[in-house]
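Both complexes below contain subunit A, partnered by subunit B and then by subunit C.
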Partner chain A sequence: MRRTPYIFASAAALYLLVFTAWPLLDGIRLSFTDTRLLNPAAGEWIGTDNYAALLADPGFAATLGVTLLYSAATVAGALLLGTAAAVLLDRSFRGRTALRTLLTLPWAAPTVAVALIFVWIFNVDDGVLNAATGAAGLGRHGWLTAYALATVTAVSVWKVFPFVMLVVLAALQAVPRELLESAVVDGAGPATVFRRVTWPFLVPTLRVVALLMTIWSFRRFEIIWLLTQGGPVDRTTTLVIDVYRTAFLESDLGRSAAIGTVGLLLSALATVAYALAERRSTAKDLT
Partner chain B sequence: MTMRRYVAILLAVALTAGCGGGAADDDGGGELVFANWQWLEPGRGEALWTAVNGYTTADPAVTLKQQAIARKDYESTLKTQIGARGGPDLLIIPDTFLPELAEAGALEPLDDVLDDAGKAALNATNDAGVLDGEQVGYAWEIVNYALFWNTKVLDQAGVQPPTDFPGLVTAAKTIKDKTGNPGFAVRHQINEEAPWWIDFSNWSYGFGGAWSKDGALTIDAPGNVAAVTAFRDMYTSGAMAVGDDASTFRSKFKAGTVGMMIDNSSALATMVAGNTVVPSTGVGASPLPFPAKASGQAGFFIGINAFSKNKTAAKKWLRWFYGAGPQKQAAAALGASVLGTDTTPPAEFVTANPWVPTFQAQAALSADAVIDGFETETPQIRHIVLTEVEKVLVDGEDPAVALARAQEAAEKLR
Partner chain C sequence: MRVRFIALVPLVLVAGFPLYWMVVTATRRQEELFGGGVHWLPDVTRLGTAFTAAAEGAPMLRWLTNSAFVAAGTTVLSLALAVLAAYALSRFSFRGRGVFGFALFATQMLPEALIVVPLYALFLTLGLLNNLWGLVLGNTAFAMPVAVWILKTAMDGVPREIEEAAELDGCSRYAMLRRIVLPLITPSLAAAAVLAFFDSWNEFLLANTFMVDEEKWPASKGLASFVGEFVTPMPTVMSAALLFTLPAVVFFLLVQRHIVAGLTAGAVKG
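On to the complex of A and B.
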């Protein structure tokens, strides 16, 4: 019986070791080799050559830039839209439950189906969007060509903002009602109440959500791949798209693993930034 | 239960799992897994499978199983499976993929498969399946390209089928103006990189270009610059289905809402099969309206996975398939394609599909999209060139400058 906790813990540890730690470490090892997808056993140790090649490649710098821009815009957009929707839905009004359900749908809908629907919405000749802009005298546009990154970002924000909304909505329930009522009694307007009372309660939640959204944005593959596959002219090629393309189209597993390791470092940096912000906030609370 | 017993059970399960699957005796029987994207093609897929599966009547010890993979994901899926030393027993191999598989030692040599009579029946298309002196693939089908159109749409717009490139652009614009539908459609996006490269070779060869000569790359040769310039002019004409991938614009053609296309005979056969909106007899075809007579081709080969556990059975199947009977049935299913033997489709098929002879005639003037002398580097060069072509289309860059940049980048690969 004394061993039971160890048995349960070892199952979880074994799972993590086999499916997370080992692939991660093996991926890092691969990044120092010239392994090819069709003949992995023939890969040889080449030191930091893959990383040197990445640093020397202006295309990789552009990919990093696209990744950061896409992630920053997606996280900012989702946080803004999600928080605004949560604040709105926290109020009591007729049809609130129906609206909550409706706004949760993008998060619940299967990504593949969503992406395929958007491909049709953005179709140049037959798309609903161009039919609308054409009718409004705003012209027809190549949404997935001329404005590819902005369009992919907008779809991503639409897909993920309900997650922020749900989490913030839960956090809003934790704001003490008596504090809100006191502020109103003291003559504070809605904006002041939000800034002075609600906002401080939301910040810790938003910080965690921002971290999660950032890491997820670095790793997001399906929406981008299904809408543009990284094109046109690599304008929507993020690190994960580059990882996939390098591994499965160019068969270069070593370089692909190096790109993946850079992605891992970016996620680690985001986590460190979160930890620092958390520590600063705690220190501020203590003083 | 003690810890020791837990470990014993875990070990037993692991050992059982490790020994249970995969161990197969290569005695010429068993299940052959056959990978092909064409199994998914409505109508044609079933006809092809019937032709292929006929072997099980001749040899009941063998069963065949489809591995259907979407064309877009075909190469990447097989690379993953074969890289892990698994994958199908038999596979259809696009010509641009063949050198990469052969270099990795993933294809079983086939020199001993056919007897002398069988080898004598093969035509010259099989020569492209010989790499480093070894036959690693036999020709499954060589698919040619042509310009084709929806006769009804052209009549509606009052235009004649174009015979040169300026005429193609003018006709496409007139169709767009008169009907509101795209006048022309062709692949044009990096998100279909592998098939776009094969399609794009039509423009290069049609304008007298080539990707290499005498062992040197000729990406920025004048013919290629002219081809990219023409492609850009078509793209920016306002008459082309910009942003549509192949499955989208093919669906539109099928629905009667695209005027003209440059595409291969397999795609056309699939689009008109059982189609009452655009029947096969309502389609016209002509050689490409480009200055040179040449065009591209998509070559598909059959190979045996070197890591298959059923190589004997796969070889027996291959020997059977290149016999007269199965080839005749395959020709009926593949229609306008050129087969590995000089077997032609039934006369009634040609009568019912009047555009077939145009595609067949193109066989003598077509070439594949593998870069001679740079066979295994073709995928990387392809990505470099098509990315630069996209810059011309999307950013309006100068074709000569873009191809010069591609030439420089591609040369650095060696």
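On to the complex of A and C.
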């Protein structure tokens, strides 16, 4: 009987070891070698040379900057838009279910299909966006060249804000009705009710969602890759795009693994920051 | 309430427009799309034609079949592993439980791009490159942990008393899981299955990296190969994208509530 839980957990644990933990450790090991894609067996241990090269490369600093800018903007945009949509959808009104369903569509649609349609919408000569801005007298623009990072960020926000909306909506419905009603009876206006009653209930949820959004935007690949491939001239090259390009276009597995490891460290940092914030707020709640 | 409605309408338009535009483009003739003049409405008479064109042009049906195979394989494998692991996490306290739970959560923050390079090397050794089974194995690594969290959350909601009664009747642990717990969590099981299926259906990074032969591409890679290409007519590309999108959207909307509940509970407790 005491062995039972291990029997139940063993298959999944073994799977994680082989297909996640092992590649992860192997990736970190690779980052200390000069392994090339075409001849992986010939890689030799070169210590921290890859990392030193990254530190000395202004291009890599730029990549870090793009990653942070992209992530911060995507997370902020998605949180704002998602929370706003959720608050607006919280009360029941006619057509609410239909609106919520429509607002969920971006999250439900496959990313590759979404990227395909956006490339077409942003097309310089025959795209519908330029047709619209042209007709409105706002001029035609190279959305994926002149404003590449902003455009890629906007598409990312479009894609993920429904997740924030659905989660915040679930949290809003968990706010006790009696609290809201008694606040209204006490004469509080809608803004005060939101700030004093609803908001404190939302904060823990928003914190988790912010963490997930941050981690996910560090990882996001398809949207950027399919829209711009990191260009023009690295202006939309995030860490993940850099990892991919360095490995599969430049064949430099060692350097690619080092970039990936830096990305992993950043994700871990975000998680630790979250855990610390969580602990501090729990301590505050208790006192 | 009218204020809410008015505030939401522009948001809905922005959220829905790209998918609407996919339909419009799919039903228009190639020559209507280029050289100025925008048609804002879909040509409904051509809906059927659009889909036949997508099915005939390009190996789209082949790619969709590959996607279905990979997604189905990933779903079955992920759920089989996840059901057992979730039961262990929900019903037992054991040494290593915390580490195991954390490892499952940590896969969420792992960039696939970091894994993809060593996985490439591993699959090269195992002969799994350019092999649909390789994609099944790779996708399961990401789908399974999410399934574990959804299922564990659901199992935590099943009262233990029911199992204790069955235990007195001499029911084995495995039988309890199969006959008592699983039937009670069917909705979450369905949610986890759909999520695993469409994670894998949509997956692009591994597919793009591992699959070489065009006839073995899943639809995500096949569709991506059309980006910026002007040889294949745009209406055909958009019809193909629609064929790829429709099943994902329909199934997703059916189970979104369970997915959100499972994901947030997993994240909060992780």
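Keep this in mind: the second predicted complex is superposed on the first by the 283 of 287 C-alpha atoms of A that agree within 3 Å, B and C clash if a C-alpha of one lies under 4 Å from a C-alpha of the other, contacts with A are read in each partner's own complex, and residues count from 1 in each chain.
Please note the rule applied: contacts are C-beta pairs under 8 Å (C-beta built on N, C-alpha and C of every residue); 3 or more make two chains touch, one makes a residue touch a chain.
Everything numeric in this text was worked out from a predicted model, so none of it was measured.
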Task: Determine, under the contact definition given at the top, whether A:Leu55 touches first (subunit B), second (subunit C), both, or neither.
output: neither
- request: Have a look at where A:Gly95 lands relative to subunit B and subunit C in the superposition and call it first, second, both or neither.
  value: second
Message: Quick one: is A:Thr261 in contact with subunit B, with subunit C, with both, or with neither? Answer first, second, both or neither.
response: second
Query: After lining up the shared chain so the two structures overlap, which partner does A:Val272 touch, if you call subunit B first and subunit C second: first, second, both or neither?
result: neither
Query: Of the two partner chains, subunit B (first) and subunit C (second), which one does A:Leu249 touch, if any: first, second, both, or neither?
result: first
Message: Looking at A:Leu80, would you say it contacts subunit B, subunit C, both, or neither? Reply first, second, both or neither.
response: neither
- request: Using the superposition on chain A described above, determine whether A:Val233 touches subunit B (first), subunit C (second), both, or neither.
  value: first
- request: Once the structures are superposed on A, label A:Asn39 by its partner contacts, choosing first (subunit B), second (subunit C), both or neither.
  value: first
Message: Once chain A of both complexes is superposed, is A:Leu212 in touch with subunit B (first), subunit C (second), both, or neither?
response: second
Field: Residue contacts with subunit A in the superposition, subunit B compared against subunit C
entry: C
- request: Please identify the positions on subunit A that touch both subunit B and subunit C, taking each partner from its own complex.
  value: 40, 119, 125-126, 248
- request: Spell out the residues on subunit C that touch subunit A in their complex, using ranges where they run on.
  value: 1, 4-5, 7-8, 11-12, 14-16, 18-19, 21-22, 25, 33-36, 38, 80-82, 84-85, 87-89, 91-92, 94, 97, 100, 103-104, 107-122, 124, 137-138, 140-141, 144-145, 148, 173, 198, 201-202, 204-205, 209, 219-220, 223-224, 226-228, 234, 237-238, 241-242, 244-245, 248-249, 252-253, 256, 260-261, 263-264, 267-268
Parts of subunit B lying in touch with subunit A, wherever the complex brings them together: 3, 6, 75-76, 79-80, 82-84, 100-101, 104-106, 181-182, 189-191, 193-194, 241-244, 248, 252, 379-380, 383, 387, 390-391, 393-395
- request: Please name which positions on subunit A make contact with subunit B in the complex.
  value: 3, 7, 36-40, 119, 122-126, 142-146, 228-234, 248-251
Statement: In the complex, the residues of subunit A that touch subunit C are 4-6, 8-9, 11-13, 15-16, 19-24, 26-27, 30, 40, 81, 84-85, 88-89, 91, 93-95, 99, 101-121, 125-126, 128, 131-132, 158, 162-163, 166-167, 170, 204-205, 208-209, 211-212, 215, 218-219, 221-222, 226, 239-240, 243-244, 247-248, 253, 256-257, 260-261, 263-264, 267-268, 270-271
